[in-house]
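We call the chains A, B, C, D, E, F, G and H, going by the order they appear; numbering starts again at 1 in every chain.
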């Protein structure tokens, strides 16, 4: 609702086709509607396949079940991330159609299975990084992106990475998930011209300091086109990758 | 070039329709061509408007001038980042057409002025953040993106940010530059559904620890769709923003 | 007991209406009384509604019960913070009238329910920050302040924050509780001219480093008028907010 | 402008006493006016004695002079903080009446010398902490607070601190400035019931890590009622102290 | 295989002495064979006694058992590091001949017991450092090195270290394992001219920060010839020591 | 055994009053005896009342029992620090006379109860610091020092500290135990001219970072004469305090 | 002035031999006099040879000259630490008899040259550590201790350390000064039973992090009897060593 | 000199073929000779081509010249590291034959130019890393190793690295020098089975934290066989590489 909408509304009041009370009802929401930001929220859901997300940590199981029920009644796709098996069981009793991806730790209802033409590539280094990679991959999928998984291609055996080069280069945007020293992000960043979203994981020990080594490594990547999200933030990477992927879709 | 390509090429050699030298020419580049990664490099320049970049710190002025001359004879657009006035003077003697953006600290030749339909929005918080913002903006511009500058909209005066909301929302991808506590990235991230690249700056003092506060703040952003580059890395943000922007262009 | 009190006492000795032994008894406590600091303690209790507080961690349940009993026999209001359900049960056996606020984790006796005219506003970002917010809110309440709770108004959905702007601005002092990147403190600080006490929480993961990101963010707030307490220190914020609130009461 | 104001405005349109264009003009500014935040800004200046502030680092001398001139023509009191002697000279040429406090490093015009009944106490530990203390003190003074300076009372000679106890206790709010281990904040916090704003300074060496030791010390203060601002942030402490001080004034 | 090799191969195809299929076979492996890196992998196993290693953390017991079975059917020596007793039991059911070293936490099959002439010396400071030392020692042994264990020779009782000097100096390469302040690495480094691999351990408390103190200490060793691996990385030190040891074997 | 001792020994061999074998026996221990450092060890035990100490963490209960038995058969006083109740039970079966101090977590045999004339003062801030304080106190006592405990005198209630000033000043050396911000060390250091050994404890939360805040605070103490041991290292402080105390005894 | 003193004073008032005003005068100072802490200050100077010290950083040259003049007129020995050549020249003009130790960076007047029977040993690792070692040594000397310098005995050449073992063991208390990895403190601590004061220096580069590596190393020393002062704090170590040394003097 | 040597010596004394004084002379050096460590020093020089090294920082130019003169008169090869142009000039006046490598910042006399059969490979990432790489390379060369330089092969252009693969694999030991994210060490470590010594450099900005990012990255390398030296420590890497290289020489 912009300047002309308001003027039109006011003219209807002047003409009497709209009572002041009706106009008030419309204008009262103006601070948000006019800000245009609420529209954004609306748009976002449509373009994201209507995926609402619950971040489980810090919420009780009852709270999660309650929110999930409400969201599942309104939106086609709903996700609860960082969800335990226990949470899955509880949600399942309330919303029997939910599924659970053990590795991604996501409880979800996925009714609207859209699939983009372009692909989000999720590349991961070691087996232990797969849960975070899966969180990113499943998030992007439920939101509507086609996802290519390229796992277990750490730099310690760089030929395995080269075997998958075609698949890597065929993606529109890449999520690179790696713990320990996180060198994979730089190597991929040096090989492709697509946007790369690096996800440091907390995998490692000692001087990895719970992911700090990988995080700093990725932030200092000598390759251009690499940006970084929080340690273990597969969800955030998945959302961002999906949004970037959407830009390339012909609309 | 995969298995069948090579076989076909070899069969042509066997048939005599391709001389060994011709075949060699084709195959010799195979380690790179076949890797597909050299092609990428090639593509990148074309799509980026052929912009080659020199990162000045750690190079002598003579080295910079020499590299700049070579690149400027081959590529349409050339940039030298983190360049001092002194470097500009030295390069100018060798390549008289160079220009210098004092704030962005970029010395550049910009012959091929392409301009995308979609815009990269560069949003910055305080006046002191402008040099990093300009580095991002000019980088994206020289590479071929249309850029919208939205400066001085820090969260301490959030109404100024709201005045610019239309421009912010009209961009395809956003670079958010902020020092001190870096809260701007979260606020923008909460307002838009476009990809947001956050650039922490070293602006601040005391417990900002040369940009660490802003960096951590941005990595922990409660808004989805925000990723982060290194402290003060305007160039990296500009490159990445341009690449993401290019995805939305109709080709 | 100040200069004139002592002189008066000495004159009574000179007059013989007070024996030296009696005077000694009175003066012997002078080092503290005269320091004036003990008076402060006295005053503090009166103004705070006589609230004595036990910080539970590092004390055995027996110790806590014992101290609580003694305090509850002397003071109208008594609080035990960071108290588990188990501690509540044990204290309840000794002092049956105690209550327990599960979220705030405070066991308390609240006999003297004063209520200031001005309000302490407790604003929090995410659901997971509520326990710390509640600790601050209940602390200020038991001490005698009227408290306004404004929860779940994180910057990722800034319109929810704006919906509550009237309530926020109606408070005399604000406690802002936020984890992750802690941007809420800066946004609130930019919107109001009241004193803001920021409480970083340990909510988050990865590069939040158990609240360090929020702490640094808040310390570097670009808004004036913001000061910070320790991570998760809801109690400290509640005490300080109450003291500031008291300054505005007409006495 | 709230609900009833809008309704009234709309009824005038319905009645024809206001044209749609006139109503539009009024309503179009509603997002800010109605937000009430702009009013806050207005209020703030009035209550703060109309003190506008320029933070010098990151601005050129020309920029500072220009901004100072504009502000000095509109506001009674204007401050430029972290200002060098050179900045002072430049501003003085444009605004001859400016003064300069060398220790506080503040260039200022102070035409409206209001003075509160209550006092802001600024307490500092060592001689090297005085510049930060002076920044706090002068800031609070120019904003309109009466200020009591209690300097050089570090805990290594605690009797000097006790000599000043009367003055300390007579203040309405205290700013405590200390470097090295910052113990002074806890000692003062233990002695008074007034709000204490602790300012860690970067004074020290070795394991002081440029003020980190004092900062952490103050954040962990065992005394209630202590909050902390950024290292060396005398200005922020001064602003906050003034705001708290204002709460106690009879209006 | 370089330029001339390929040309020669192609000429043979042109001449008909090599069919396209045969040439393909040769060329198809070119990306790896020609890289020469795959050969390395092959070589490595032979020289290391064919020891394949599984790093257990982040893998399920089922995964570990499966991988172990496959490797044990192909390689003579197989190790699983950071393995719990539970993992040992599970692997034992599938591969009955496995053994378990409780201290080193290694499950292993050790069929090919080669033994170098030169020795790897593993020196450790305190009793609590022995698990990491054993991980290094057993790793080097299974890979084929003769190992000398010199335990419990911390610098707090430097005469015990001197009692073992002959054994220390008789080794070809030394692994020095120490927690707390890690001074042993410097002392050994000052006494010998052999390569020293320092392994900081997480043993300690308080300001050891989980091995950081020992790590920094070892990185700053005033003795030449000392390099460092990650905290608690006995395995890495064992592998590297074995490789260095192999250089001195007459082949 | 110095130059003249050796010469004398050799002359006896020359004279035949000592056989080469007897001389060998004497000289063979020369590397240590002559170093004079072994003598030190001998001295140390005598002066310390023969107290041998076992640091329990990282040792199995069996190992601890075994070492304790051996030491208890040779030395009058034996201590096992950081010992659990379970360790106490196990040692008690082997050495029935052992005692256990639950707070100090020390299992000990204390047969030789010497007591110095001078006193070691152990001062602690909060109740939660008492375990570390007790470890220091009991360590010094078993080694032979008279110990004065001055507990619960934190700076938040500085008058309680002043009540105990006589006792504090009557000690020859002071151990100051404090967590949180550790300000007590500076306050005591400013009040006395005796050596002060500061022990930071890990008591606190949030930005105490497990004792780092107190550690840095104490290292930066503005008072002279303060030195610091590791976080929670009550034992180390007790040993050092005893050694300093011994210097003042008339021998 | 204790209980009986006060009683006596009151009885004189009762008797009339003291007017209430006179008694007031006496009692009013009681808080300090009775605290006894001022006496301590007095005592301290006498025992320390009356050495007053000025810490130069953060003071102007004029301030330093002024303070030095005053102190030099009252005390026999005066020191100004961290003093530049320039400061020396300025002080020399005001107090011609001052001397300057370039390495220790101390400007001093040393009229009362007492010398203890026991010795403070100052041991340092590398040549670059000597300035800090000299600061400690000269401080202890001017205060009245006999000092033994044992320099350049780093652990990388441990035989040089053993050559000096007699001198090391002949001291009553040891100051050990070392940068880089600071291992010397542990080695000395393991060799002697005297109190050891470790001084980490900022000597080193890279991961020494300006002395942090040495600091952590020393705090985690595996040897008992070692305590630590701030990085580069030679003065603090000298003062403390002198105080400990004084305990062993027969008085 | 071991047990039997001493016995033999004593028997000669008993027989009279050795006077006690002669025997004393022999035995008196026993603590060091017998320790065998002095021999080591001797051996080291012979094997290292007799290279003595001076670390310049923290020494005056006069000291450096003096030490260099002495060493150059005794040893064939002498190096002074981290030497400025100014130091070179000063040394050159005293020892005219010295040379200076500007990049490596080494002043040296290289009379004995031995050259091993095996090669030390020095691999570096960016141009800015070359000074540290040169320090490593020249150090190893002067000590007697043949050195292969493979520069400018960072992972951002991984094909350049592959072009040099033959040279990399032909070396006996590799020094890998990289700043920023230090990923090169992992990539090389994954490609070769030779020992890899990783040298993080301080090249980078922002979150590189002066080399910390590269250091942590290298310590967490997912490739086996990688160990790490201090940030910018080219010299240490060169010494260690030479020692490892020597193990493979046929002696």
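Everything below uses one rule, namely that a contact is a pair of C-beta atoms (placed from the backbone, for glycine too) under 8 Å apart; a residue touches a chain by one contact, two chains touch by 3 or more.
Remember, it's a predicted structure, so these values are computed and weren't measured experimentally.
Peer 1: Given the pairs F-H, B-D or E-G, which one repeats the contacts seen at A-H for over half of the pairs?
Peer 2: Checked against A-H: the matching pair is E-G.
Peer 1: CA centre of chain G versus CA centre of chain H: separation in Å?
Peer 2: Whole-Å distance between the two chain centres: 40.
Peer 1: Centroid from C-alpha atoms only, then distance chain D to chain E, rounded to Å. What do you get?
Peer 2: 60
Peer 1: Listing for chain C: what residues touch at least two other chains?
Peer 2: Each of 31, 35, 37, 126, 158, 162, 191, 206-208, 212, 215, 219-220, 224, 230-231 in chain C touches at least two other chains.
Peer 1: Taking all chains into account, which pairs touch?
Peer 2: So the chains that touch one another pair up as A-B, A-C, A-D, A-E, A-H, B-C, B-D, B-E, B-H, C-D, C-F, C-G, D-F, D-G, E-F, E-G, E-H, F-G, F-H, G-H.
Peer 1: Across the complex, what residues on chain E touch chain H?
Peer 2: Interface residues on the chain E side: 35-37, 40, 43-44, 47-48, 162, 165-166, 169, 172-173, 191-195, 197, 215, 219-220, 224-231, 235-237, 239-240, 243-244, 247-248, 250.
Peer 1: Show me the residue ranges of chain D that touch chain F in the complex, using the header's touch definition.
Peer 2: Within the complex, chain D touches chain F at residues 125-126, 154-158, 180-183, 185-187, 189-191, 204, 206-209, 212-214, 216-224.
Peer 1: In their shared complex, at which residues does chain A touch chain C?
Peer 2: 31-32, 35, 37-38, 57-59, 63, 200, 202, 210-212, 215, 230-233
Peer 1: Touching residues of chain A toward chain D in the complex: what are they?
Peer 2: Listed in rising order, the residues of chain A that touch chain D are 3, 6-7, 10-11, 13-14, 16, 19-21, 23-24, 27-28, 30-31, 34-35.
Peer 1: Mind pulling up the chain E residues that touch chain F in the complex?
Peer 2: That would be residues 126-128, 158-159, 162, 203, 205-208 of chain E.
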